[in-house]
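The following blocks contain the structures, represented as structure tokens.
Below, chain A partners chain B and then partners chain C, in two separate complexes.
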Partner chain A sequence: MTAVAERTSAEAGPARVTRPEPPTPPLVNYLGLVVVAVAAFAFFWWTRDDTSVLYLPLGVTTLWAPQWPLIGFLVMLAVLALCWFTRTGVMAAFGALTVVIFSYWAGSNIHFIDRIVEVPGRLTAGNTREQLIGYFNPDWSYLLFSNVAGTSRPIWGEWLITLCMAVVATIIGCFIGLLLAMLASPVSSFSKTSSQTVKAINSVVRSIPDVGWALLFAAFIGGTAYGLGALAAVLALMMFNIGIVAKLLGESIDAVDPGPLEAADAAGANLLQRDRVAVLPAVMPSFVSYSLYVFELNIRASAALGVVGVAGIGGELSRQIRRMSQGYENVGAILWALVIVVLLVDLLSMWVRRKLL
Partner chain B sequence: MITFENVDVIYPNGFKGLDDVNVEIARGEFVAIIGLSGAGKSTLIRAVNGLVPYTGGTLTVGETVVDPKNKSKLRRLRSKVGMIFQQFNNVGRISVLNNVLIGRSAVTPTWRSLIGWYGAEDKEVAFQSLERVGIVDKAYNRASALSGGQQQRVAIARVLAQDPEVILADEPVASLDPPTARKVLGDLRRIQQDLGITCIVNMHHLDLARDYADRIIGMRAGRVVFDGPTEEATDTVIEDVYQRSLTAEDIATADFPVSLEDLPAEAVAGVVAGEPDRKP
Partner chain C sequence: MSHGYKIAAGVVAPVLLAALGFLLTYAPAAETSEVFRRMMWGLVISAAVVAVAAAIYGLAYLGTSRQRAEAQAASDAGQSGYTPDRLDMRPVKPSKFWYNMALISIAVLFVSSAAGTGMTLSALLEMPARVWDYSVQMVGGVAQIPDEEARGDWANAFDAMLESVAIAWIGTIVGALFSLPCGILAARNMTPLAIYIPMRFILSVIRAVPEIVFAVAIFIPLLGVGPAQMGGAMAGAFALGISSIGTLSKLISEAIEGVDPGPLEASRASGATHAQMIRWAVLPQVMPDIIAIWLYRFEVNIRASAILGALGAGGIGRLISPPNGLFGQRPYDWEAIGITLFVIIAITILVDQISGFVRHRVIHGKIVRQKRRRKRKNGDASGPEGTKSAAIPV
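Right, the complex of A and B next:
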């Protein structure tokens, strides 16, 4: 018995207190939700494209039903029953039902369950098995002592290039992001129009993924892994960083305490002075924090960008993957090293963040 | 010095903040504005430096007519009209000195503000302002590390760094404990008298207004309902401004917070029985 319970029972004695009951949601609304579930079941049955059925001999009759839609329907009913017995509000129950319906709809369209049951079989046989063995027996001597195929550049030098790409992209991208965030927030921007315009530009920049930018820049300026490849990667990462920093920092600026801004206004400061003396100090910790986060993202993203033929360790990774049945130990070594490097950068940025804030 | 002629303020949502206000404030006067919440005290003060644009009549500060539409003219006006706020409105993350230097913004070139490299003259003015409010030893502390009374002194120093002709103070001591409130208000009064600055202050506490102000303006529903020297602001007059009888909280500052014994018996009973103080 807890101390609180002991205390109250000692004071209140045997007298029972009536406690309020949780309100019961109206039954008719829950019946409406059952109708929704039935409609979803009917739709899934109608649009099913597999032939697997559940065959249930019940003695007097045999029952058969399309397997997956029926299971989905039972899950929906179970969720509704659980919500009913826990007296969940109707809107929350509707939300839970919607999650079930959408996951069934989305999963069935890509045959998610059908494919995922095949995975264990693949893991233990054939090429997949060899790959896994290769990944778990990384060839460290390749990583430390070999050169990039056909050149005299060591593999570890590619790591340095990756790091340098990430540093350059982070520094340039975050500063441009800071400027765009200032222009995008109605708090610090010149006018409503300029804020809306810059926000629209930011959305466009953000809507193109980092690999998309890399493909674009590789096509513009030449995407060989030697020479110009690093530039394409840096530009791609830069756009990626601008999008992130402008978005996150713009929201930080929106939420800045309006008091000091008013004080700067009342002192006769112009807009630039106000942004510098009142807005910037308030969002500086967020800016540093986002920049470090973006640096981590850049290390990770540069591995993915290798697929489109840019420089750095990502390029080497995609070359080794393309060698198919020969490079698994090498791919494994790169992947493990990537995990270690990302962890190290993570720890470093955490340490810096703690020191700064 | 400051002249309101038939000044109206109508907010965008249609609420009438000021209704036909006619007030003339002479150079060097210390005016306290009293009234209940929503009576238009803040609106009156903010209309003077254009933080709230007035919609009708004429408002003159010194020789200049306040023009809320003309941004650069407004900035020039604001450089001579300092403002102090209830929540101090200092930038917490920068040093006290840099906060005071915000007051120099209007006379500092923008590029200097942007790179944070203020001239020796600006710094000298900032240090003199800090000396005047007596916290010059805190110049390189972070503003957020200071106590409430010290923070409000930083705000006063920021305003003094503007070399103001007018100081507007919106509830300057409402966030401070009563002894500190008296000290800060006393400092403000002394500096105002030394430098001959016109001062308009919003107040909640009658006794502070009576102790420090030359003149009291009472407001109700956006209108000026009392305007006269402090001696004339008797309890009867104030009750007319408030449209209710005065309570202990209206007057008390030294013995604020109110103890349970000062409250009416039924209110105390309600608190003890744990009744909700708000209707659901």
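Right, the complex of A and C next:
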């Protein structure tokens, strides 16, 4: 017997360890959350689409409530109860409740359940099987040797013009984005006012999706004829790039090391010289890597933009989709080629990044 | 490489490139494809310009060779009155040869692809007048007191945009559900190599596939196409969700790889299982970052859902894109377009602001930005800022 064992046996059993319990969150706030849940339940009851009803036999009487809102309400209460018993803070519980409410709203908005239960039926019957088979047996000869319907332009030429658009838009857009990022950051901009203005303009530019830009420019230029379509697509991609680069690079300029800035100021540099010698070299690596990232995004976007009628492979893609059952193999070929092109560009940009940075 | 050789290379390489491009304009590919022919002509012209510029520079360099030799001799003989000694020596300026060459090749590539797109730049001249005209109409559409028709436009735009938000939200939820386990399995400090490598490979494959491929090839056949009742919205949501798994898992795994190893060791030392270690040592550290990453992806998904709408999945893209959308009608209904754009901009910025606020709150806790700045100015550096670096701009 060792000394330690003797001592423990001498004391009658180990003393009960009392660990500090996390504090219980205030009940009033949780009741407030329950009120929020009830309000959401009422809202979903009010706006429900289907009229199926769930009965709750209570013995004395039978209550009823619309099915899906009631299930959602029970889920909300369960989440609140879980948070209560795990002693989660009120804000976290509120966050969880918000997620549930928002998911319910979004799910009912896009008819989640209806579509999900239909999937097995679609898989076995209808032309879904046919479509999937077509997509996984791409017709490569179409991709390599065919022309765009009604013209003498080959399909691979459409790929080429897609890549060209991406290159042109990346180069112009990234340089304009660099200038705007300089203006948007209070570190390198003229004044607080100018940086705020540029930031506001930039958030408007960024909030219009690339398709919106493409359609707007197509209308502004006045048509989607061949050359005009390419111009519209390039302008749209440029706006898209400017938004991304100005946002991301503006944030890297905000975080730039203040040492060189102060040195430049102390040496009497004016704003332009300061930006040139202290800001630009510091953000150059991130500028290059953002440019490569934007180039990848552009390849994807320019392939898709053709769908709305500007130049690029997307136009042929949407035309083949519209041909329904005659076009499945062709659509498959275009999509597989898109994956391959994006993969190649990915590898290329990874190689460049490793070389440069 | 001495300076003369560099100039010679700078002349010869573009000449060879121009010659290659000129030969390729006679290739059979140029016969069939206008784009290829134009690209090659762009290549020929830009390479020729570069070659001429380099040749002029080279001639000037040759022309000054005697002067340079004299100056060198004078300097060596100490006649210039001042001989640099060791103390004057500065570090040799690093050569910018390859840097300049890269810039020049990018310029050549730019000219060549600009020629390849065949843009009709003259259309830009007529653009400002049209932009002004249409913008006035759009602003008029937004600013007018809505009549019956305009009220319908507002309602349509709101419905479509909210549908887009719903698509993006469901997509983010789907992505989030899958990306947390995938991110843990793709973090080097959480998994053995035998799971890590295949997981990384799968994730990079998912990242490489554009979301329109997921939408068109898989989810539109499975879930339907068209408005939300027909299942287009669901197809868009699932395409966004599955394609966001790749990026989300990569960011999450990077966040997990950056955790403080102390709690991991402590939990392992007190005998925690792997799951317990993840629950009690890893998740508390990375959960704020992960939530911020998810919310950031939600913002991205709202924008990305537009292009899927153009392909037949629901949302704002379906409302604006031809053949049935606002831009498919002739003449354009600029008032409706203005209203729709206004709604898009307003809701996107609103969602961005809310999500940015929540991200900031989750990462930094209950601190207002202004307060932190004031504290830093007063020299009190004990704030919580600078302790965490999120994987995304927060």
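We take it that the second predicted complex is superposed on the first by the 308 of 357 C-alpha atoms of A that agree within 3 Å, B and C clash if a C-alpha of one lies under 4 Å from a C-alpha of the other, contacts with A are read in each partner's own complex, and residues count from 1 in each chain.
The working rule: contacts are C-beta pairs under 8 Å (C-beta built on N, C-alpha and C of every residue); 3 or more make two chains touch, one makes a residue touch a chain.
Fair warning: this is a prediction, and the values are worked out from it, not measured in the lab.
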item	value
Touched partner set for A:D346, first chain B, second chain C, both or neither	second
Chain B versus chain C, judged by how many residues of chain A each one touches	C
Touching partner for A:Q196 - first (chain B), second (chain C), both, neither	neither
Touched partner set for A:L231, first chain B, second chain C, both or neither	second
Partner chain(s) touched by A:R115 [first = chain B, second = chain C, both, neither]	second
First, second, both or neither for A:L338, with chain B first and chain C second	second
Set intersection of chain A contacts, chain C complex versus chain B complex	none
Chain B to chain A touching residues, read off their complex	49, 51, 75-79, 81-83, 85, 87-94, 98, 101-103, 105-106, 108, 110, 113-114, 116, 155, 158-159, 162, 168
Residue numbers on chain C that touch chain A, as the complex places them	32-36, 39, 106, 109-110, 113-114, 116-121, 123-124, 126-127, 130-131, 134, 162-163, 165-167, 169-170, 173, 207-213, 216-218, 221-224, 228-229, 231, 233-234, 237, 303-304, 306-307, 309-312, 314, 316-317, 320-322, 327, 332, 341, 344-345, 348-349, 352, 358, 393
Complex contact set, residues of chain A against chain B	259-260, 262-270, 272-274, 276-278, 281-282, 284-285
Touching residues (chain side chain A, partner chain C) in the complex	95, 102-103, 105-107, 109-112, 114-116, 118-119, 122-123, 128, 131-132, 135, 152-154, 156-158, 160-161, 163-165, 167-168, 171, 203-204, 206-212, 215-216, 218-222, 226-228, 230-231, 234, 247-248, 251, 300-301, 303-305, 307-309, 311, 317-318, 321, 331-332, 335, 338-339, 342-343, 346
